[in-house]
Structures are given as C-alpha cells and as structure tokens.
Amino acid sequence: MGNQDSSTSSQSAEISIQTADYSLADEVALLEQGNLTDGAVVTFTGRVRNNNNGNTVTTLTLEHYPGMTEKSLAKIILQARERWNIGRVKVIHRVGELNIGDQIVFVGVTSKHRQDAFAANEFIMDYLKVKAPFWKKERIISEGQSAESWLDAKDSDTDKAELWS
Amino acid sequence: MIKIVFFAALREQLDCAEMSLASEGVKNINDIKLKLSDNSEQWQQVFSNASLLSAVNHDMVDGEHPVKPGDEVAFFPPVTGG
Amino acid sequence: MGNQDSSTSSQSAEISIQTADYSLADEVALLEQGNLTDGAVVTFTGRVRNNNNGNTVTTLTLEHYPGMTEKSLAKIILQARERWNIGRVKVIHRVGELNIGDQIVFVGVTSKHRQDAFAANEFIMDYLKVKAPFWKKERIISEGQSAESWLDAKDSDTDKAELWS
Amino acid sequence: MIKIVFFAALREQLDCAEMSLASEGVKNINDIKLKLSDNSEQWQQVFSNASLLSAVNHDMVDGEHPVKPGDEVAFFPPVTGG
C-alpha cells in the first residue's frame, strides 16, 4: 500500500490554503528536489476561465471553511496514498478574490510510475471537487448587467468522484 | 452549548455566520435542523433543502450523526472548489 | 470530437525534439498565454531516475529516428484531439546524453474540462512509450562494474497503450 | 534503390546505420528481411527476432507492407522513450 519513502515530505507541508499566488516552477522544484527515485511528475493547474455557462466572468471569490478544508484535503491525500504508490504530494488552493486567468488550484504528485502519478492526481482533484469545503462566487456580466452569484455544484463532479469507489 | 457555523450561500440566506445553540434535547444533526427551522419561514426553507451538507468537528456527516456539547457543527451548500 | 478553437497553436509548434533542457514554467506559460477559455492544465514530466531494475544508473543516452519521431508524435496528438476536447498541446522530448534528475519528456495539455486534459495527457504518454521511435541506453553500475546497455521495452507499456483501443 | 536505416541496439549489432538495397524482387518488408538475412549468420539472427519493428517512410508497418523504389525503410527494436 502507500509507499511513503524517506523523500516524502511531511503531511503538514503537503497542503496550503492561501490568498497569495504561487509559482508552478517553485512547487515542482520542491517536489523534485533531492527526489531521484521518482521519475514521473504530474501536475494539475486550475485557472479562472473567462466564461461559465455562457456568461462572461469578471472575478471569482473563493470562500472556504478554515480547519475543515485542511482536514478534508489531508484525508483525500491519505486515501490516494493507500491506493497508489506515490512519492510526494502538494495541494495548493487559493481563496479570496481572483481574476480571469489566475491560478486557483495546484495538485502535484510524484511517483516511480507515471500511471500512479496520473491516477492519484486526478483522484485528488475529483475528491477535492466534492469533499473539500470551498465555494465559488462569480461576478458575471449577463445581458449587459453585472451580477454576483454562487456557483451551483455539478452533478458530473459527483458522478466522477463516485467512479473511484 | 453547540457552536454552529454557516458558509457561502447559506450564510448569506440566513444572514448569519456563527451562532450557539443550547444542547438540551439535541442528539443529532437532524435535531439541530428541526430546532433551527423554528426560527422563521426563511430558516425553515433553508433547512428543508435536501442538498444541504453538514459537518461535525470538520468531518462531513449525515443527519443521523450524533452531536454533543462542545461540538462544532457546520451547515453549507454543496462545495464548488477546485 | 476535437475542438480546435482559435487559441490552438499550430501543429508544428506542438512538438519539439531537442538536446537542450527546457523550462517547465515557460512551457506552461506558453500553454496559458492568451488562453482564457481553458481552465484546466495538466502536465507530465519524465525525469532520469537514479535506479532501474535494482541497478544504479549514472547516465542515460537517448537515440531517436529524426523525421519519424515528429511524424509519430503528430499522429498521437491528432488521435488525442479526435478523442477529447482539448485546447493546446505541447510535447518536448530530449535526446542525447542526460544525467540523473534531468528532464527527459514534457507533455502539457489544456482543456475546458480537467477530465479531458488528464485523459489526453496520459494517452499521449502511453502512446509515445510504444509508438515514438526513441531508444534509451543506460550506463549503470552493476556489481561494482560500469556497463552500458540498451533498455528493454516493457510489456506493461504495451498492455497500457492497448487499454485505450 | 531502397534506403534502409537501422537504430539503437540493432544498428550496433549489425554495425550499420544506413545502407542501400536494390529493389529488384523486393515487394514487401518480409522480402527485405529475407534478403538481408543472407548477409551473414549475425544478420540472419537479427532478422529472425520477432520483436523487430519496421517502418516505411516514417510510418510503423508490418511485414506484409509493400515497398517500392525510393522508399525509406527502417528496422529497429521496440521503442523505449518517455
């Protein structure tokens, strides 16, 4: 089961909820630094799109539930480690007000084998989408009017997460 | 006492982020929902929404989950992060 | 079906076979630049591991078949575009002599939907592994002796690629 | 004439990277393999390896694939990139 070798960073460093932006290059460098056993690195980056359901998005505000957010993500990462042989993991999720094109979420996974890195990364994203307490509020321009609204959860996300169980 | 917190659309609909509830007669999440529904028609409507999610001490739970004094209980809409 | 919107870079720029190293950050920036419709970016990085089949690896030399390499990768990317709704794609494969920890291969895929970006990226890697004419020669230290040997292809790679058909 | 190229372990085993072959009597990849096997015992051994891959004009093909004058034919071991 989960092979936590000596190069595995501690769980506390695996998760960061932050308002600040992050550097993809720095995060990947940290995943790779001194880690010469894992040949595969898979990253996922989620960014603010300029449209959603046909509306023009101007800004996105992310709210979360401090404490539960970290706990739920730690649990998801642990589940991934139980399923796949992965090395290092990093999850960053930004909160607060974000603009079009901004990075929202980063998931990085290293492994000896690419299949494990791909699967664990997608699993973490799929579970994050339905289990981690984040909520998005969009400011959109609809029929010439600016309006704010909370995003609705997608059934497709629930369905996708269930495929892993 | 039980600490109760609300998030996102729910917090806005109730105009309430955090409150305390006496723990007498409250055995589980469903009991809290019933009790809070008495507040007003608005609250009743919110808590009759089947998609509402709940957590106890930062773990997602269902309506049957027990609640005891000192617990932190959270109610929120389906999550939309990522 | 493959949705090649206006943000899609031309095919000629999608593939690079090079001896030089590359910058992950620069490559991702190019995938994202002016691309505000694709919210998901998945990257794969393959690096030289310090061990293989229990032997200590010192260097890796990559040979390829110029011309066929580019043609086969273009075909693989096209197949990915036919299967998934993806935006921009970039595949970089290094050739020549590489050291432990060096980047070997980069695959980057953007999409409106994360599932498409994950699937297309993994598909491209799986097909690259069995269809693109690259060959690895390892210099290893085995029982105290330095020796060079060509890597054997793995049945598991053939099996994995066949799962997509 | 047909241009023939060899790669990786195959190139080293044959000590040959590129050669030309008269196209007379050569209809497909298998014909080339048979013809080249006549070179020596070493060549015969190499071309009897079932895992050997072949390409015509940069496309992977099987033994039945036709070959015509001017084609570039390649032989190589299973690929190991990525």
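Couple of notes before you dig in:
Going in written order, the chains are labelled A, B, C and D, and every chain counts its residues from 1.
Just so it is clear, a contact is a pair of C-beta atoms (placed from the backbone, for glycine too) under 8 Å apart; a residue touches a chain by one contact, two chains touch by 3 or more.
The structure presented is a predicted model; accordingly, all values stated were derived computationally and were not measured.
A straight line joining the Cα centres of chain B and chain C is 48 Å long.
In this assembly, the C-alpha centroid of chain A lies 26 Å from the C-alpha centroid of chain B. Separating the centre of chain B from that of chain D, both taken as means of CA atoms, is a distance of 72 Å. Contacts with at least two other chains are made by residues 82 of chain D.
Along chain A, residues 46, 114, 125 each make contact with two or more other chains. Taken as a contact graph, the chains are arranged in an open line, each linked only to its neighbours along the path. Pairwise, the chains that make contact are A-B, A-C, C-D.
Interface residues of chain D facing chain C in the complex, by the touch rule stated above, are 5, 7-9, 12, 51, 55, 58-60, 74, 76-82. Touching chain D in their complex are the following residues of chain C: 46, 62-65, 67-68, 71-72, 93, 104-105, 125, 128-137, 150-153.
Interface residues of chain C, counted against chain A in their complex, comprise 23-25, 28, 32, 36-51, 100-101, 112, 114-115, 117-118, 121-122, 125, 160.
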